[in-house]
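Next, two complexes with chain A in common: one pairs it with chain B, the other with chain C.
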Partner chain A sequence: MAMTHLVRWAARAPAPVYAAIGPGRQAEVERLLTRPGLNRAKTPRDAAILLVAGDLPSSSLDALNRLHDQLPRPRTTLRWLDGDQEAIAHRITTALRALCDGAAGEDDRLPDTPANEWKGIGPHGQGGKGMMGGTPYGRPMAMTGKDVRDGLQLDRYTTRVGPFAPMLPPGLVLEVTLQGDVICEASVQAAPFAQPAEADAPALCAARMLRLLGLDAAADRVIRGRPLRAAWVTGAVPRGLARINDTDARDRLSAWLRSRTVTVAPPDLAALLPGSEWSEAMLILASLPPSALIRAARATEAA
Partner chain B sequence: MTALLVLAVLATLLGGTVLAALMDRAALPLAALLTRQRVETEAPDRMNRDLSSAWYLALAAIGLSVVPFAPGLALIDSPVGIVIWGSCEALVVVTVFLHGWSPNAPFPLIGAYRYAAIGLPIMLPSMFVLIAAALPAESLSLIDIVESQREIWNVLRQPLGLPLFLVVALAMTLRGPMDYADAADIATGTSAEESGAARALWQVARLAMLVSISAIAATVFLGGPLGPVLPGPVWLWLKTAALMALTVWIGNRVARTTPDRMLTILWVVLLPLSFLGLIIAGVMAL
Partner chain C sequence: MQAVIVILGWTAFAVVLARALQPAANSTAPQAAPFLGGGTPDMHAWQRFHFRPYSMSLLFIAFEMEMMFMYPWAVVFVSEGIKALAEMGMFLAILSVGILYGWREGIFRWQ
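Up next, the complex of A and B:
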């Protein structure tokens, strides 16, 4: 009986959607996910529906499969090709209801085994020899290096993020070397997917920054063209962050909130990101209009 | 009477958590989480992963157990109730750290360390405002602190106290401008790898902590169960619910700055401000 109630409530909850956004579809997806009844999941672990918008290049299919397997069961994948918002919203809610009604959902696309055997020692596999640096058992381990700020020796950890990471523009793959959450080195492994000019719309650009500032409701309101209703918005963005063409991230957010379009010269991302903390770096990327970011990443990638 | 007080604490925690879920519009999504699979990361610290949410819930319950539901009546009538609550706050930092540590993944770990960095400077203003509230009562007991507010509530006598404590409440419940553990830029940080019932339990624990810290704030700054006509527990529930609503509202409306900048604000602005409040309260109590 309790399970029946639970399933009924689950079917009435907003559908948790994680979007894998392809070329040209960023603006449409961002507008779609502000609709009542849909919930934009901030991590694949919180989603039941994987929305694949547009035609993804074959180079990102491996990443899509990994993303798919990160969604908990029961899960389902929907492809959105035509741009009809009403139709896809209906398909999403129908798919969620089917999952709640006991539909089996999709199996893993990749084998559920570690790429390399885990050989840690101890009750939690936490120990072993050679725990500093290198790639023991296929796993990259942190190794000490000079801190970029004060020269102390701190662990450096290198990882790739993207192309469907929730905090990065769709398509962008960054290889970052972190000390704590400070970026020491960054390189662009894949540029963001090309997007039409609509993705540079002030409301959409402002909403991307608002989400990083923890203002999801305000972001949805801005996209729907309603008043902001939030406090300390521009003030929360540090002064001097990503200063390009005499405007910094705060200035650009301020302009977007006044419905002004912003154009900036494409910056050198590999020079812009190192030295900033992860949250600052994400604000920097969100403070660049997609058109400038795509040109910047392509230039960096080519270099 | 003890059984009644145990019931009161549990009912307040349960009812308050449901109310908090409704305020957050999280009730249905929480129910939906229970129908989904719990995914395992590779080589997690299973013991701490399972215990962290339980600790968080337990700390909310322990914090609530020192709150007087009527004048002179608390489940744990401790002469150092404020210190018990202070230890709960400190252990929340440890719990959130363990929650981020245990999945063995980068974003949760970043969230864990960030929260530990924010945790220390948020503890100090918290302790200063609570000690300032204890000075007029000349006692660390929450029952005595309630008694000391019969003529004037601490929110009026020490106007800096409640606003500063609300910042602490936002940090203890991982909310809005103080949510550095589960922020969007790290894909919900310490929760980034959690799904299904485990994710739901962590969210429930956050909501339960909101009930507990709001009840403490209502007790320390708004006279707790003191009030005319209505019985003491009803006054406590009303004041707690009002502070919960205020915390949720601030959490949804105020932007979150970068952790580095928040650390500067905490050390350079909020900490000296809370110390100033303590000095003024000390001089007035002389």
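Up next, the complex of A and C:
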């Protein structure tokens, strides 16, 4: 009895959607997910519905499969190919209701085995000797290197983030080497998907930065075209971040909040990101209009 | 006897409640992998990083302990005399090792 009530409530809640955005669909998806009945999930773990917008290139299908399997069961994938927002919003709420009514949802696309086999050596099955080295589950442990800030010997962790990371522009695959949360090296593995000029709209750009600051309600408000009541939020962006053409990240956010378009010369991403903390780096990327970011990433990728 | 029954009953209740509330982590292998927006890691996620306020908190505790013991010491210093002075000297010598260590780690280099 209690369970049926909970399920009925869950069906009426905003549908948690994780969006995998393809070429040319960024602006539409960002506008769609501000609708009252939809909730933009920050991780696949929070989501029940995977929204695949647009035609994804075949190179990102593996990433999509990994993402799909990270959604908890029951889950549904919806493909959104045409531009009608009303129709897709209706499909999403219907899909959520079907899941709450006990639909089985989709199975895993990848095998339920670890990506690498366990190859432990040592008396406790650990990788190597003591706390260093070894390859548990086939993945090497992070080894030390000089810290970029004060030269301490700290572990370097290398990973690729994207193409569907919510804090990065859709399509961008960034290979980063981190020490703690400080980026030591960054390289572009795949440039962001091409987006129409609409993605540079001031409201959308401002909303991306506000979302990174944790102000989702403010971001939704800005996208819906209503004025932001808390104008002081620009103070949350540190001064002097990504200074290009005499504007830093905070200046660009204030310009966007005053509905002014910002144009910047594409910077060298591989030089811009190292040395900054992860949160700063994400603000730096969000403070560049998508068109400039795409050109910058393509230049870095080609180099 | 009554106390034993209450203790056992309460313990059993706590265990049952903990088992009932324990979240089920029945995640599959893809779900157990770190969430990187579709990306893959090169390395195991276990890593060591520098807890930067660590040396600062060491310095704070060194001076705080010093003051904590100096107050009662000042009360008995006159009656105890040279013995109390020697004891405080030893105590400060031990604490100053921590401060010297912090100095080597660069706590006093203010930026």
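In this text, the second predicted complex is superposed on the first by the 281 of 303 C-alpha atoms of A that agree within 3 Å, B and C clash if a C-alpha of one lies under 4 Å from a C-alpha of the other, contacts with A are read in each partner's own complex, and residues count from 1 in each chain.
The criterion applied here is as follows: a residue touches a chain if its C-beta (ideal position, glycine included) is under 8 Å from a C-beta of that chain, and two chains touch if they have at least 3 such contacts.
Quick caveat: nothing in here was measured; it's all calculated off a predicted structure.
Student: After the superposition on A, what does A:70 contact: first (chain B), second (chain C), both or neither?
Tutor: both
Student: For A:188, using the defined touch cut-off, is the partner it touches chain B, chain C, both, or neither? Pick first, second, both or neither.
Tutor: In the superposition, A:188 contacts neither chain B nor chain C.
Student: In the superposed arrangement, which partner chain does A:19 touch: chain B (first), chain C (second), both, or neither?
Tutor: After superposition on chain A, A:19 lies in contact with neither partner.
Student: Touch check for A:179: first (chain B), second (chain C), both, or neither?
Tutor: A:179 contacts chain C only, not chain B.
Student: In the superposed arrangement, does A:205 touch chain B (first), chain C (second), both or neither?
Tutor: neither
Student: Regarding the shared-chain residue A:292, is it in contact with chain B (first), chain C (second), both, or neither?
Tutor: In the superposition, A:292 touches no partner, neither chain B nor chain C.
Student: Of the partners chain B and chain C, which touch A:244 in the superposed model: first, second, both, neither?
Tutor: It touches nothing on chain B or chain C.
Student: Pick one for A:154: touches chain B only (first), chain C only (second), both, or neither.
Tutor: Second partner only, chain C.
Student: Could you say whether A:279 touches chain B, chain C, both of them, or neither, answering first, second, both or neither?
Tutor: Touch partner of A:279: chain B, not chain C.
Student: For chain A, give the residues common to its interface with chain B and its interface with chain C.
Tutor: Touching chain B and chain C on chain A: residues 43, 45, 70, 72, 114, 157, 159, 165-166, 180-181.
Student: Within their complex, state which residues of chain C touch chain A.
Tutor: On the chain C side, the touching residues are 28-50, 106.
Student: Provide the residue numbers of chain B that touch chain A in the complex, in ascending order.
Tutor: 27-29, 31-39, 42-43, 45-47, 106, 110, 113-114, 176-177, 179, 183-188, 191-196, 199, 252-261
Student: Taking the complex as given, what residues does chain A use to touch chain B?
Tutor: 6-7, 9-10, 12-14, 16, 39, 42-43, 45-46, 48, 70, 72-74, 100, 114, 118, 120, 124-126, 157, 159, 165-167, 178, 180-181, 210-218, 229-233, 235-238, 277-280, 282-283
Student: For chain A, which residues are in contact with chain C within the complex?
Tutor: 20, 43-45, 60, 62-64, 66-67, 69-70, 72, 108, 110-115, 127, 131, 135-137, 139-142, 144, 147, 150, 152, 154-155, 157-166, 168, 173, 179-181
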